[in-house]
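In the two complexes that follow, chain A is the common piece, with chain B as its partner first and chain C second.
This part shows the complex of A and B:
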């Protein structure tokens, strides 16, 4: 029983990571109709930013988190202005190859600068374990379980309550009508990417203390996030969020009860099944994000 | 008429140079003839054949598959397992590998051609990741990350010159299949499917059949190249099947000119030769290629072939398929 609980904790950790990355991807898909094949690499960049921000443990954890998220948001905005802006009105094929090219550039630039050896950025909380009933759990995981839901709620409030958030939802529902009433798609695109990259940065700052950073760690994550976005109904944020947790728990259970080496096959298998049997996603189709 | 004769002259001249290349390098650069033949000759031809097999789908059927190296890897692993386990001859490995890759491509195609454009790309990206994971973990057959080593050179063509002529023959076969599928009736049907599937259907060209034709043929050719590569470099590792080669293929095809044979061949040769000449570190080369790919796809989607055609034939406007597409493809509404 405690083994199941342990795997559940692992799964929820993994799910939180997938969710933070997947909702950023779903936001871009929903608002801009663009699939960013370099999205997972933003998580990797965030990891290095967090590593730098920690200054080997000099900076308090909270400050490093805020610095990472803010830094990634700025980078995301600049990235949209410099590159994504140029592919937004192109066809899906051009967008696909362009974002893959960006992924090659980012990954190899980081291999060139940092090498392939993983960098550790531990926090005191990652090394402290708490006894919770039958299981031992790293305090860092509790931080993740608190911060991730708070981030989801803040994000949801932003989309529901603020003018910019409403504009994003409106664009995702009807682009032409938004142009008519004077929503500036140029500005929305920049903000969308800032938020998307900021969420990826938050994921890095939460998860990296438990593991390490390495230039290649984003590539498979891009695919996992895509799987969650497809399962959740293409471009729907709440669907992607739920699907990400389902994927995370399913993978942890597969790793615990079958074989850790084939756990990665789970997300692929589930995604294929969803694409073939329920292409509208697990939770049904609706309009907009 | 004169254009046809000129073209025949060209083909003859290129074929003569390629056939005489081992003799040329031996006479011209006796000290480094092996290096030149291996890194420039064989290296280029492997990528020429591999990239042409890829361009059948990407450049002609219009389907962007990201799983192409999986079929190359099936070929390489089949050759590795057969030749180290049972000492099967090269031709036997070719037959088994091509059949296996064709069957695998049929399954992948049957699953994913039901999906539209970008979902097909995502599905095949998953296939590439999964093929890599299986190769790493199926250790009883693939030896996992330890790689299969000491694969013998092909019998009857074991020395470098022999292997050069072998890959030259494979590249020639690939080029012939490429021409057969992209010209004439089949070529026009592929172009129709690429432009507008619904319209192609109403004119009697079943999109599923033609996309599958390009996909499966490309997979079988890739497996053929994979068999050669395994016997040539004597080692096969799991990253053969992953996405690393996919990115290289995209770079070659775009640098050269999507959907144009001369362009793809030039792209493959440039891709092989430039890093050899510049003595780039592998990582730096990949970084530069990434930038080149981005610039090409955004600003010069015709690649080198587009530049050539404008210079040689005073041609204006887009040349390659993707160049035309970015200029405004009526088949795909922009959102």
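This part shows the complex of A and C:
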């Protein structure tokens, strides 16, 4: 039983990692109908920003988190203005090439600037271990377990209760109608990217203390997060969140009860199974043609 | 725009003249130049390896050229990325041989890329000197009557496992969990250690593989914790190991840690410098130990700052071996791909940090194997083993 619980904790840890990255990706897909293949790389940039903000442990953790989220939000806004705005009205092929190209440029620029040796930015919480029965866990993981859902709830409230949030939802439902009633899609696109990148920054600040920062860290995560977005129902934020946790737990259980070699097979198998049973994804709506 | 068949034929003729006509990839003579191709992983999960190799080859070439070249020939470098993948391993050597027109290839670090490239170098007719690939199949497939263009100066996991598995058993280990990267390097090593441990009566409780650059090892380590082996032998590279040991302590594992890869390396020590105790007690069998070549340390520091990586050091020695072969070829009067290949079979000299370099009929040299331990943020040699051909 302890082993099952331990694997569940491992799965929730992995799920939190995927969820924090997937939410920002799902937001952009939902609002702008664009897949940002550079999203995982924004997560990586956030990692370096957090590493710098920590100043080798001199800056308090909370301050470094706020600085990372704020810095990434600004960067996301600038990214939208510099790149996305120019391709937003183009075909999906142009958008795909543009975001992939940005991904390659960002990764190589960081390899050039930082090299490939991973940087560590641990916090005191990452090195403090808690005993919960037979399960041992770093306190930093509990921070992730708490902050990830809280961030999601705050984000949901923002979408439901603020004028900008409602405008984002409206754009995702009917862009043309929004233009008629005076919603500025360019402003909304900028805000969407700022929030998406800010969430990637939050993910980095929470996760990097347990792992490391290196220029290639975002590549694999982009695919895992994209799997969660697809499984959740393209652009459905709640769906992406749930799917990310399902993927994380499926991977951990596969590694625990079969073999770690089967972890990816099982998690992507779960995705295929969900899509076979619900082609529109967990939270997607059926669309007739 | 339509391109006429005449234009295509003319273009083809020009290409044949430019590339096909260049029969000799290097020019001999008083001021000759020899181009060395380096096929390694500049991107992908093991990109840190390629970065080190690029730096190592630069340091070696600059130093050799500063001293007047190899037998009077200036060495220059060309690079190709194989991303640690077999298919890209083929593309990389084709690019080096056909486009860059190199005289000889150094590479690759990744066993999968090396194995995939071997039929291609044989087809093209260009020698490849491998410096860190440890899959035993390379030994089986190299040499006269097999692939006479393939050479390797690092010992492989079959050779190392025969000594290292016994060493681990002699430390009192009766049960062991194996975990390794899910590629030709990791799987090849796991196979060898399974075989050797079985022969030595050591019970293998777990065989776990993970993707290169995987972010989380907790599920895998939880399994190992449940099955409670005496020790873990991890076939792993430094960046992954730096994360893995943190999660090992987080889960409260007590198993003794043994490694194969580059855990006892400057890059691992750099990655755990926030808490050097994380590495304490890890024992590793490998090809090179940091701090054993002050001359390389000095050259590296001057050129790049910092300390050499394990793969960078091996690439540095690889260029020295190629330079030795070029000297022999120059003495014999011609520098072609074939003469360099023939010269490699006659190389016989000693590099103090790694031992004697002389290739046998499998084109395998038996340089040293080192067993060292990470302790207080340093790497301490426990024993240096003179290797030999694998015993059946």
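Some notes on this structure:
The definition used in the following text is that the second predicted complex is superposed on the first by the 269 of 289 C-alpha atoms of A that agree within 3 Å, B and C clash if a C-alpha of one lies under 4 Å from a C-alpha of the other, contacts with A are read in each partner's own complex, and residues count from 1 in each chain.
Heads up, the rule we're going with is that contacts are C-beta pairs under 8 Å (C-beta built on N, C-alpha and C of every residue); 3 or more make two chains touch, one makes a residue touch a chain.
Computed from a prediction, not measured in an experiment: that's the story for all the values here.
With both complexes brought onto chain A, simultaneous placement of chain B and chain C is prevented by a clash. Of the two partner chains placed by superposition, only chain B is touched by A:86; chain C is not. By the touch criterion defined above, A:33 lies against chain B but remains apart from chain C after alignment on the C-alpha atoms of chain A.
After overlaying the two complexes on the shared chain, residue contacts for A:175 are found with chain B alone; chain C is out of touch.
Of the two partner chains, chain B is the only one touched by A:102; chain C is not. By the touch criterion defined above, A:221 reaches chain C but does not reach chain B. Once the two complexes are laid over each other on the shared chain, residue contacts for A:163 go to neither chain B nor chain C. Residue contacts after overlaying the shared chain place A:276 against chain B, while chain C stays out of touching range. When the two structures are aligned on the shared chain, A:111 is found in touch with chain B and with chain C.
After superposition on chain A, the stretch of chain B that runs into chain C among 59-67, 131-139 or 167-175 is 131-139.
Looking at chain A, you'll find residues 111, 220, 259, 261, 264 touch chain B in one structure and chain C in the other. Those residues of chain B whose C-beta lies close enough to touch chain A in the complex are 62, 64, 111, 114-115, 117-119, 121-123, 125-126, 129-130, 133-134, 136-137, 243, 247, 250, 254, 283-284, 286-287, 289-291, 293-294, 297-298, 301, 322, 325-326, 329, 332, 334-335. Those residues of chain A lying in contact with chain B across their complex are 33, 35, 83, 86-87, 89-94, 96-98, 100-105, 108-109, 111-112, 175, 219-220, 223, 226-227, 230, 259, 261-262, 264-265, 268, 271-272, 275-276, 279. Those residues of chain A that touch chain C in the complex are listed here as 3, 6-7, 10-11, 13-14, 17, 57, 107, 111, 115-118, 120, 122, 126-127, 129, 136-138, 210-212, 214, 216-217, 220-221, 251-252, 255-256, 259-261, 263-264. Against chain A, the residues of chain C that register as touching in their complex are 43-45, 47-48, 51, 179, 182, 207-211, 213-216, 218-220, 222-223, 226, 239, 242-243, 246, 249-252, 267, 270-275.
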